[in-house]
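Two complexes come next, and they have one chain in common, chain A, joined by chain B in the first and chain C in the second.
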Partner chain A sequence: MKILVCMKHVPDMESKFKISTDGRWYDDGDLAWRINEYDEYAVEQAVRLKEQLGDSDITVLSIGPERVKEAMKKALAMGCDRGVHVVDDRPSDRDAMAIATIIAAFARGRNFDCIFTGMQSQDRGSGQVGLLVGEMLGLPAVSTIVDFSCIGEHNYTIKRELEGGVRAVVEVRGPALFTCQLGLNTPRYPTLPNIMKAKKKELLTVPVAELAGGGNLQDTVRLFFPEKKGGGMLLEGEVPQLADKLIAILKEKTTVLA
Partner chain B sequence: MNMLLVAEYRQGKVLGNFHELLAFAAQLQGQPSLFVVGDVNAPPAFPGRVYIADVTTYKEYDPSSHKKLLLEAVRREQAEMVVFAHSSYGWDLAPRLAMALGAAQISEVTAVIDGDCVVPACNSKLRRRVKSLSAITVVTLQSGAFSAQAAQTGTPAVIPLEIDEAGPYTFKGYEIATAGGVDLGKAAVIVSAGRGIGKPENVALVAELAKTLKGEYGASRPVVDAQWVEHHRQVGTTGQTVAPKLYMACGISGAIQHLAGMKKSEFVVAVNTDKDAPIGEIADVMVIADLKQFLPVLTEKLRMV
Partner chain C sequence: MIFELTEEQNLIRDMVRQFAETEVAPSARIRDEEERFDRALMFDRLAELGLTGIVFPEEYGGGGADYISYAIAVEELSRVCASTGVTLSAHLSLGANPIYLFGNEEQKQQFLAPLARGEKMGAFGLTEPAAGTDAGGTKTTAVKDGDSWLLNGTKIFITNAGEAETYVVFARTDKNAQKHHGISAFIVEKGTPGFSFGKKEAKMGIRSSPTMELVFENCRIPAAQLLGEEGQGFKIAMKTLDGGRIGIASQALGIAQGALEAAVNYARERKQFESPISRFQGVQFQLADMATQIEASRLLVYSAAFKASNGISYSQASAMAKLMASETAMRVTTQAVQIFGGYGYTREFPVERMMRDAKITEIYEGTSEVQRMVIGSALTR
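== the complex of A and B ==
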């Protein structure tokens, strides 16, 4: 089976964000980068599928500047067979449709049997790219999956997460695309031998111009911090004093210590 | 502007969240019509046009036929905007429709400024103002961002929709999570653990504090998914909705799904090392500290109160 995983490199969300000078995205500097959390579930699910079926081949694709290679090496160490780095210095300038166009252009004609993406990125969070790729390739696509089983070679039973603890059970036949939600699996840590092996795996480079097409359908006017709603009190300092202050506040403002 | 609002139908009922879509349409001074794949004989009360396709034919989940039915409604209505809730139904269907219409899709809209949409970015730490460049725009609205309009009255003008379709999806039904032993809704105090607790051993710190405050402990989703805390203690969209006298969020960044489950709490204390965590937007008090050091000290001092 030929498997494709799509992966985005995103900043750690605990980072201190600064707005970029053009005001339309965050500044790239001084950030710790990692694999988009949802995409890590996608990588893990691809590797599990390969372990189940044997005789499979996993390509992991990422769009971005040079640094995304670091994330791809981790995916290779987790068990992907080959990396495809689509070199693009400013992927944040592209909307979801433009990003999906690039991925679909790569996948077209390569006959992937199964494609995994995260359900959304942690930074842009549109939740569209995976589904758009599915539509562009004419594949059935199931979003927000929290349970995945492959029966035989191409039959999938999927559980989608809905609201309020409800899951929808859906069956599709491959080739198909799945977008992965938190709770689908627990991604493995790469082992040292696998990290060493990953260094020898193929990492192809494709200039984005070879795959991109069409313009954006939407434009970011600006990125900004939400206004802090007044009222919230910030307590900082040494732990024992913080505890005393908080207890005093709870006594004054609530009835729970009465 | 003609707006087509997409209502959702689940387990035999039209969900109430289309009233939020109506509020959004009113804010934009649009002319709303409704679309639903539901019961043709029981249309929702609404004083306008309602496009209905039969749920027994097209099922509660079949994005391929629902997309085609929607395309038909958009064409007949000459809609310039299609509005979904940002829900498991909306975010699944909206991109497919946008693709077919060559339309921009703007996800999880929280507000509108001068005709542009505002959406969250970076785990709600930031906001992004977005302009659509296409003739038709598809949007999904963040749950709760637009206050629901009152229940509608009036008899709708029902327009039945049909298409020929045998899509690739087979919807088999629902699985409902079994209710657990703890009803967090009854607790006056809830102390919740988030990803910031770091490792499963630290759940005890949160549980201890909850016990000292004569309350219950809860958790945010990542902690439940990691199986450090049982699912029936989860607070948020996919868990329980609570409104205690005191809610303490320990190491919880404040994803919208979590906030939706606890924002009605009377008093909210957040303990976090990240001053900019979105939980700060609704916390009455934000304690900037490492919870592994802070919680044991707080628990000890509370025992002496």
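== the complex of A and C ==
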């Protein structure tokens, strides 16, 4: 089986963000970088699928400057077989459509059976790239997956997370694309022997101009920090009602009670 | 000169940090409180991650990484739990490394490979009631008896004792030789008749790491388990401790780093006079000194590790690294307790544990005084 994982290098969300001088994005100097959390679930799921099926090959693709190679090395150490680094010094200038166009251009004709992406990036958070790639390649795209099973080659049973704690079971026949949500799996640590092996794995470099096509359909014109609002949410009333309200809020806004 | 970690070293740091924060840190306080060693967590998991043989060649079950990677691994573990850090350091630097450095091929296959793979744990028996810094004063004896040696004596303060399966033990084999020349090293396995464990030490710090006595009473060791040449023991011990110092220096570095981060976070949150105490210049100056001393220690530790990996003599460098890092750890953790104030003195917060843990780094594997002797004698030779 040929598997593709799309991965983005994002700032550690604990970082202190500053708006860039042009006011349209954050300043990317002085930040610690890591694999987009949702993409780490994608890498893990791809590796698990390979472990289940045996005879498979995982390509991990990332668009960005030189530093994204470090994240790709981690993905290779987690079990991907080869990396494709699409060199682009300013990927943040491209909208979701432009990024998806690049990925689709790479994937087209390469006959991937299964494509995993994160359900969104932690910095841009458009949640569009994976789905657009699916559309461009004419593949079914299953979003926000929280459970994945491959039943025989090319047949998948998926659980998706919906709002309000509801889940849906989806059956899909591959080739297909999946966008991965929190809760899908716990990504493994790359072990030391696998870190050492990753050094020898292939890491191809592709100039972005070879794959890019068309400009942006939308532009981020301003980035800003919202004004700070005072305090959090204050619940008032009798204890039993307070408890009910709290449970309702936790159910609605979080997954801790799901 | 490039002051930058390689991609591989960065990946190893990320991996060990993630493991340490997610799995080791949550139980560090309670293990210290209960003086409990958790082998599944503190050793078996390290083996699964490939850390127990990190610096040894793959042919002996190792990871084939360099000493800087090893230093980083011990540093990151010690940043959250110094007991876990020393478990790895004592196993690898003291238990396994002498077999790698001085063992013959059979000994490496039989004893080093299971240690490197983490199937067995290693330890080192040098110190005795009357022979600490003065290792030449070793009283434990080994007497040749046919095709074996009979060991008699007691070793004290042995890290990993009781838990470890493979011990490198030093004993006097020639009573007539000058005191440094009549000592030999032996590989002794747990379970050998005549080899038992004495009392478990109740310690000030690193309380989750077991420290016990080794007792040898007519313990018969096959001649094939003599490590190196007969009479070479003192040299083996000193070479082993040169490497061990990198491990302990890394442990001290990790403890200090953990304390600094705790102090910075606390100073940002703690308000006095309606302002976070981190805004006070007095506190900032303290934090600045702590961070500067830690960074200086780190450079010395990595520089000694670099030398160890590249075949450059590192005895003096590792002594400097250990001296600087351990004294820094003691200063920084004491300062961190001060910044925490009354809370720092309670066992609710980690800095008091770090302060207790830091003290041992100035004592074991060569006291600060011994490090100064090593450096001083090299300077004035």
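The working rule: the second predicted complex is superposed on the first by the 229 of 258 C-alpha atoms of A that agree within 3 Å, B and C clash if a C-alpha of one lies under 4 Å from a C-alpha of the other, contacts with A are read in each partner's own complex, and residues count from 1 in each chain.
One rule holds for everything that comes next: a contact is a pair of C-beta atoms (placed from the backbone, for glycine too) under 8 Å apart; a residue touches a chain by one contact, two chains touch by 3 or more.
Predicted, not measured: the structure shown is a model, and the values here were computed from it.
Novice: In the overlaid three-chain picture, which partner chain does A:Lys199 touch, first (chain B) or second (chain C), both, or neither?
Specialist: In the superposition, A:Lys199 touches chain C alone.
Novice: Who contacts more of chain A, chain B or chain C?
Specialist: Between chain B and chain C, the winner on chain A residue contacts is B.
Novice: Given the touch rule stated above, what does A:Asn216 touch, chain B (first), chain C (second), both, or neither?
Specialist: In the superposition, A:Asn216 touches chain B alone.
Novice: Given the touch rule stated above, what does A:Tyr189 touch, chain B (first), chain C (second), both, or neither?
Specialist: It touches chain C, and chain B stays clear.
Novice: After the superposition on A, what does A:Met233 contact: first (chain B), second (chain C), both or neither?
Specialist: first
Novice: Based on the superposed arrangement, let me know which partner A:Ala168 touches: chain B (first), chain C (second), both, or neither?
Specialist: Touch partner of A:Ala168: chain B, not chain C.
Novice: Determine, under the contact definition given at the top, whether A:Glu70 touches first (chain B), second (chain C), both, or neither.
Specialist: second
Novice: Tell me which partner A:Arg124 touches in the superposition: chain B (first), chain C (second), both or neither.
Specialist: first
Novice: Jot down the residues of chain A that show up as touching in both complexes, chain B in one and chain C in the other.
Specialist: The overlap between the chain B and chain C interfaces on chain A is empty, containing no residue.
Novice: Hey, which residues of chain B end up touching chain A in the complex?
Specialist: Chain B reaches chain A through residues 10, 60-61, 63-64, 87-89, 91-92, 94-96, 98-100, 102-108, 116, 119-134, 167-177, 188-189, 213-215, 221-222, 225-226, 231, 237-239, 245-246, 253, 266-267, 269, 273-276, 280-289, 293-294, 297-298, 301-302, 305.
Novice: So in the complex, the part of chain A that touches chain C is made up of which residues?
Specialist: Those residues of chain A that touch chain C are 69-70, 73-74, 77, 189-196, 198-199.
Novice: Contact residues on chain A for chain B in the complex?
Specialist: Per the stated touch rule, the residues are 11, 13-14, 16-17, 26, 95-97, 122-128, 131-132, 135-136, 140-144, 157, 159-173, 176, 182-183, 186, 216-226, 228-229, 231-236, 239-240, 242-244, 246-247, 249-251, 253-257.
Novice: Write out the stretch or stretches of chain C touching chain A in their complex.
Specialist: 7-8, 10-12, 14-15, 18-19, 48-51, 54, 63-65, 69
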